[in-house]
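Multiple structures are listed underneath, in structure tokens.
One chain, chain A, links the two complexes that follow: it is found with chain B in the first and with chain C in the second.
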Partner chain A sequence: MRKYLYIYKSEVISSLSYVLNIVIGIFSYLLLIFIFFNLWNYIYSDSSDTINGYTIGDMIWYISITEILWSVAGGRKFCRKICDDVRSGNITYNINKPYSYIGYLLSSHLGEVTIKFIIYFISAIIVGFIFVGSFPEITALSIIGTIISMILAIIINSLFIIFIGLVSFYIEDANPLYWLYSKFLLVVGTLFPIEIFPEGIQGFLKLSPIYVITYGPAKLFVDFSVEKFLNIIIAQIIYIGISFGLCKILYKKGVRKLNVNGG
Partner chain B sequence: MAVIEAKGLKKEFKVKVKEKGIKGSLKSILRPKYKIVKAVNGIDFNVEEGEIIAFIGPNGAGKSTTIKMLTGILYPSSGEMKVLDIDPTKNRKKLAYKIGTVFGQKEQLWMHLTPYDNFKFFSAIYDIPEKEAEERIENFIKVFELEKFVNTPVRNLSLGQRIRAEIVASLIHEPKVLFLDEPTIGLDPIVKDNIRKLIKKMNKELNTTILLTSHDVSDIEKLCKRVIIINNGEIVLDDSMQNLKYNYLNKKILELRLKDKINFEKEEGIDVIKEKGTNLKLELDTRIKSISDVLKLIDPENIIDINISNTPLEEIISDIYKEERK
Partner chain C sequence: MLTAVKNQIKVALLSTKYGLMREMTNKVTFIMDVTFMILNNASFIIQWIILYSLKDDIGGYTFKQVLLLWGIAASTYGFAHFSFKKAFSISDTINNGKLDSYLVQPKNVLISCITSDIQVSAIGDILYGYIMLLIYGITIQNFILFSLLSISGGLIVVSIAVILGSLSFWIGKSDSIADTGNDLMVKFATYPDGIFKGITKILLFTLIPVGITTYMPVWIMTEFNITYMSIVLASSAFFIFTAFSIFNRGLKRYSSSNLMISKI
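Right after this comes the complex of A and B.
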């Protein structure tokens, strides 16, 4: 485990070189929140109204949290790097070390997004408060619960991206798959809570990655209960187990197919 | 004791064949065609403990593919291999603790970290206890003279400094076998010489077995006692450096500066390589004609200066490649 912590730590140190880039990136986050703030203001004719159980404040807070997850854990660069490494054969320089390649990718990605996560989280709290004017009913437990759930969500999302990246062992380019996945996450999982969708597909969405990657943590922030927390955390742990297992299988089979040109 | 054993090692790649033009591209989508490329075609060799061995060949000969198989990165199509008694395909992780690799064309260090932090990182990767790691790092810094740049981020180092740090990073776990894939590529002669000294030092002090691939003949000449030449996936020569020079140094180069121009009659065993005024450059096959035979053909009074040299090793190796192609 020490080695993965070191990989994580080294990546955190490396990412400190890009703090300015992260700060600049916040502007696109703020712009999106601003657009949705106005959109929901227009939809909610009265601030005391609720839509599917959400007040306008809940909606803004919900999207603030999901948008952090989408922006921080997005991983377009991360997926492209895995695809390129597999296609170009650069993967060989990582697999001749005494660690699990999946473990390496995961800890390195988590290290890369840690500083970004902290900066976005603090910004979201400040901006959310400025827009909404108040916090939802929060306690120390709900804050800790939300943060734990957000960390697990980022882990699951990272594993999904790793899985998509490793598909490159089998197809020429896995980037289009990532594009589909990220757009699904953005349109269905980030902009609206599951309750907004027709009842018929809510069941499906609650079983989909959206429940554990975006909806779960955001729901805990706006409407925390221990029962919800346990439900979401258990679902997240199951998702981590399954996605990690799938990544391992895909890697184990894929690495045998590796074609690397000589030097 | 043999630390590397390869027996009938083969690696075949399935490569897509595409006809030219749009039509060819469309056709390859609907009905893809593949051809089998034999990158390594049944090679056998052993490397003994403490040897520095040159593993050379032209581009695409199969050198790097062999190294990648021996380090467990690629799975061989057939054949057997053992490195330090471990089968790389079955126990890649276990083997990784005992071997080191440096790929001159690819950095393994973290660019934003200093060499010192990188060494700490690699120590953790190889499960070296903190205290022991610090002792080793201090020792390596002294031995390989890294004091001046050990705390500078890798991205700000010169290529030579980076390669030195790369080599130390690959030695941190004190590997028994080190695979060096073109470690001096792109370096200036002074830095190259430093790197060679460093390689010699680690072989002497740590008894590290070293398998070196390089296109730079001076690397091979200065470091290795044994040479394996591979071409088209097959070993074409496995011999000591001494034998290689002895068997292939039949040719001598004679450079003459004369008072008066002479006309050389074409004779077997003597080739006129260059003739410019009174300067003459001859290549001599000593199996057919001795040096004294040639000198008898020239009036000694007419010779101002003479220089006799061996054919450069680079030419010898390139001749071996060419012979194999024929």
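Right after this comes the complex of A and C.
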């Protein structure tokens, strides 16, 4: 475990050199929030209206949190790196190291997104307050609960991206699979709470990764309760176990197919 | 003059053709890139189905008009990235001295540079645009208008990328400015203009000309208007002219350390 902590710490320190890039990247995040602020303002003709239990303020806060989770993942670059490692044969440099490749990917990626997550979270709180003018009912417990849930959500998302990247063992380029996954997460998971969808598919969405990656943490921020917190955290732990197991199996089988020429 | 332009276009088309042939050597990856980009764009239809279940009109657009908006935005983006991929990384080309290999070619430096590579997935964007047109209602007139407006919009998008990327001649690394500008164009282009008000709306028709690349084309397709059409075409010519002027002015300041690269 200590070696992974060391990798994590090294990546955190390394990412501090790119703080300016992160700050510039926030612009893209703020732009999306601004567009959705305008869109929801148009849809909620009266600010006191509620749609499926959500006021316009809840909706803006919901998107602010889900967009953090979607934006900080940096999945496109991360997935491309894994695909390139497999295709170019660079993965061989990691195979013979005294650590698990998946553990290495996970700890280095988490290290890379930590500073980004902190900066985005602080920005979301400030911008959300500017747009909405008030906070949802928050307590110290709800903030801590939301942050724990967000960290677990980032871990699950990272494991899913690793899984998609490792599909490169079987197909030439797994990046297009990532595009689909990220769009599914963006369109179905970040823009609307599950309650907005037709009742028929809400059950399916509550079993899907959306529940643990985007909906759960955002719901805790907007409408916290200990019962919801426990439900979401348990679901997230189960998802971490399953996705980690799947990555392990895929890697173990894939690495047997690996054929690298020269070096 | 006319022969030179004709030759330049011929070289640009040949460059695109060979780029496409190169990318098609791996057919599975090629088909996957195109297909998945279509599916990637199509996923946003879910977003609009949900939004229209909450309200009948959004920003003054019907559901079909939003599909058309997406179609124009996708094909504009697709045309720009398929034919002029390198325009979106011109800042990197300037900063790393990669312009050297284009300077020695007996053709226009800017055109040679920005047409030297293609983006395969952009074919998916172009196809998606025409699929949306098909759903909206295709006629010969619509088809011609759609193609013309996608090309003119695409040329504006490319010109803006060149203008922002060319800032690297003066301020060093301008890639984040260019990326942010390009990002602004893409994000605003897929939402109806009616949801924006005041200063934002003014910006969308001036500094961030999404209004000219996407909104006006939708208005023209919905109800043909010669004034809007003239604005779109004149703006396209204006942005192209500005892009060439800024790039050529910047090129006079260009220096490098004689970078050796192979161009295959």
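In this section, the second predicted complex is superposed on the first by the 262 of 263 C-alpha atoms of A that agree within 3 Å, B and C clash if a C-alpha of one lies under 4 Å from a C-alpha of the other, contacts with A are read in each partner's own complex, and residues count from 1 in each chain.
Note that in this section a residue touches a chain if its C-beta (ideal position, glycine included) is under 8 Å from a C-beta of that chain, and two chains touch if they have at least 3 such contacts.
Fair warning: this is a prediction, and the values are worked out from it, not measured in the lab.
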Touching partner for A:S17 - first (chain B), second (chain C), both, neither = first
Which holds for A:F184: it touches chain B only (first), chain C only (second), both, or neither?
-> second
For A:I196, is the partner it touches chain B (first), chain C (second), both, or none of the two (neither)?
-> second
Now for A:Y6: first (chain B), second (chain C), both, or neither, which partner does it touch?
-> first
Within the complex, which stretch of chain A touches chain B?
-> 2-3, 5-7, 10, 13-14, 16-17, 90, 92-93, 95-99, 256, 258-263
The residues of chain C that touch chain A in their complex are 26, 28-29, 32-33, 35-37, 39-40, 43-44, 46-47, 50-51, 53-55, 58-59, 121, 176, 180, 183-184, 187-188, 191, 194-197, 200
Taking the complex as given, what residues does chain B use to touch chain A?
-> 13-15, 39, 59-65, 68, 71-75, 92-94, 96-97, 101, 103, 105-106, 108, 110-113, 117, 120-121, 124-127, 181-182, 213
Could you please specify the touching residues of chain A with respect to chain C in the complex?
-> 21, 24, 27-28, 31-32, 35, 38-39, 41-43, 51, 171-173, 176-177, 179-180, 183-184, 186-188, 191-192, 196-198
